[in-house]
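Two complexes follow with chain A in common, the first pairing it with chain B and the second with chain C.
Our next item is the complex of A and B:
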């Protein structure tokens, strides 16, 4: 039923459904969204300019602070880009340790997201259980790297800490337990009506739209498109490790949940394989202080999708230009398309569906001089 | 159904949470907490100051205050200073309870012992 005229509903930047400040202007016809206008830039921090002020080693810690959840993905991408500038060969053991940390991070990020999705759907029991398990992953990462969130394990030319055999055993033991838990939660998600009613058929993103709007990561894979940087353009040691790219044909929020759950199981397998095949040797090679003029691009599959860093060096100890494209920016156009035709009550669920991380994404501020 | 099983299992187990700060927090051995300088070993070489990404370390080369000025409020606990130190004078402790209400307590002075200073000047 159409009401003939539309009402503009501002959403954000401060809104209980959003964890971070971002503004969306919805035009609604009755209860149905007909137009979405996003406005980004509320948490612009001038990170790219800050990159140009500091040395390559100091920038590592800036890169780590772009995102709180995927801090390791950002440092992996940063080190990969800078090592491409030099160019520098990283010892194989360091590559595997980076990979293990990256997959642990994917586990914690995905379990965080599935927990949030359950919470948004009003299913807080599962949220609590998932976050309990996530806490154990955080503890593992803390034990390996020395910190829960800003791991600081990556450095240019390798990693800073080694994984001991006791730690490896502990991770392997935990992976078995975690995998069993995730399988159990998946069974719950597949049968629980509370969750299914809020997610099935909600936020449809057709495969054609997903490609044309440049969706990335689990959002793209949940639309049935097999695309994963780990498989398409293997970095670290992903070329040596067998794993499946998880896809789902559901195209809705439910499919995105299932894709993330199955990716968690896949990540647990990758970690086990990597720990079994951990090469011996040194973990670090010293990098040069200054880098000759060069250009480099790094691509990493962060938990939220494809992450791109670009750097240009000019012969000094500081980069001349640094560019970061966070996965949420790739997904923003697709989520606006997905929201059209949705009910107002489904907006938080659909927005949460892309696992938004707005402060990672904000690279520009729009200043309207005439206003 | 399986959530019932999980809930029943959880009743028999101890709680997943720790009653911090009423109980001590869980601190793994390798935790990066506050760095501490051993001024007997320190040779005032500036390497920690150069390695620090947030300019939390300032080296005072001469005078009666010669030593290290450490700004706790700027420190991001990355342990780059300890990695850079050629004499292993910096130890990273697992002390993480560092919050305070006053800004002045956030600046710590590590003074070089006078005797060692004159010896260093001789050599």
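Our next item is the complex of A and C:
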């Protein structure tokens, strides 16, 4: 039903459904959203400029602090970019350790998200279950790297810590348990009416729109498009490890949930395979302090999608230019499109559906001089 | 102990505001309310609206864009109100201290009662910090006065 006139509903920057400060202005006609205006920039800290002021080694820690959820994805991309500048060959064992951490991080990030999705759908029990399991992954990561969130395991030329055989056994044992749990939760998600009613047919993103609006990661794959940097442009050791790119034809929030759940199972398989095939040898090689003029780009499949870093060196110990392009920026245009025509009550669900990470994304700030 | 004070200590309501942090502190903060750490056993409840909250938990450095919003949220909270700065960023600006669009720690904008350093602090540390605040409340009970925005850089 249309009321003929619209009202404006502000959303954010402080809002219970947003964990980060970002602002959206919704124009609604009755209960239906007709226009969405995002306003980004609240989390802009000036990281790219800060990169230019520190040495390559310092910047490693800065790259980690671009985002606290996919910190390892950012350092992997950073080291990949800087090693491309030098260029430097990383020992195979270090490559595998990086990969294992990256997949553990995907597990923690996806279980975090599925928990949040369940919470947004009003299914808090599942949220608590998933976060309980997530704590166990955090324990594993803490044991390997020494830290729960900012792992600091990557360094230019390799990794800082090795994985011992006891740790490997422990991870493998946990993977079996975790996989069984995820399958159990999937059964719940697939049959629980309260969850299905909140997610099926909500936030439709057609495959054509997904491509033209540059969606990435699980959001794109949930629209049935097979695209994953790990498979399309293998980095680390993904070229040597067999795995499936998960897609779903649902195009809705439900599809995004299932894609993430199945990716968790796939990640568990990758981790098991990588641990079984862990090469022997050194874990790092020393990098040079200064880097000759060069340019390099790194691409990584972060839990939320394709992450791109770019660097330009000028012969000193500091980069001349550094650029970060995070997956949420790609997904933001698509989510604004999917929100149009949605019910107001579904806004948090759809917005959460892309797994937004605004701290990754806020690379610009818009200043209106005249305002 | 007055009934009001007793109620405040037994059931502080918390509002969480990210002022430009990297999410690291935020997820540790959320982890503190999940089964393993479970701060609800102290009567602590996460609140959506600043008008219902007693304690403001701030994570992240204060970016230029967020400053006004933070002050506004702080002003909307009813007295007495308390501020907890969670993480190195909120304490001092952390790794982003010298960035062009960052003010620094929370105390450059609003008064802070408890600082929890760490990048990010573990959920245990966050719980410890909040427990310290509750101790402080049961003791002298001094909260910050509303002088929001007094030391803002321009």
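Everything below uses one rule, namely that the second predicted complex is superposed on the first by the 371 of 371 C-alpha atoms of A that agree within 3 Å, B and C clash if a C-alpha of one lies under 4 Å from a C-alpha of the other, contacts with A are read in each partner's own complex, and residues count from 1 in each chain.
Keep this in mind: a contact is a pair of C-beta atoms (placed from the backbone, for glycine too) under 8 Å apart; a residue touches a chain by one contact, two chains touch by 3 or more.
This is a predicted model, so every value here is computed, not measured.
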Would you sort A:150 into first (chain B), second (chain C), both or neither based on which partner it touches?
both
By the touch definition at the top of the document, which applies to A:281: first (chain B), second (chain C), both, or neither?
neither
Partner chain(s) touched by A:242 [first = chain B, second = chain C, both, neither]
neither
Determine, under the contact definition given at the top, whether A:126 touches first (chain B), second (chain C), both, or neither.
first
In the superposed arrangement, does A:135 touch chain B (first), chain C (second), both or neither?
both
Per-residue touch tally on chain A - higher for chain B or for chain C:
C
Answer with first, second, both or neither: which of chain B and chain C does A:67 touch in the superposed model?
second
For A:187, using the defined touch cut-off, is the partner it touches chain B, chain C, both, or neither? Pick first, second, both or neither.
first
By the touch definition at the top of the document, which applies to A:44: first (chain B), second (chain C), both, or neither?
second
Given the touch rule stated above, what does A:20 touch, chain B (first), chain C (second), both, or neither?
second
Overlapping contact positions on chain A, where the chain C interface meets the chain B interface
61-62, 132, 135, 150
Using the touch definition from the top, list the residues of chain B that touch chain A in their complex.
2-3, 6-7, 16, 26, 28-32, 51, 53-54, 76-80, 83, 92
Taking the complex as given, what residues does chain A use to touch chain B?
54, 57-62, 125-126, 129, 132, 135, 139, 142-147, 150, 152, 160-161, 184, 187-188
In the complex, the residues of chain C that touch chain A are 16-28, 30-31, 34-36, 48-50, 60-61, 63-66, 69, 73, 94-96, 98-102, 119-120, 122
Chain A - residues contacting chain C, complex
13-16, 19-21, 41-47, 49-50, 53, 61-62, 65-69, 71, 112, 127-128, 131-132, 134-135, 138, 148-150, 357, 359, 365
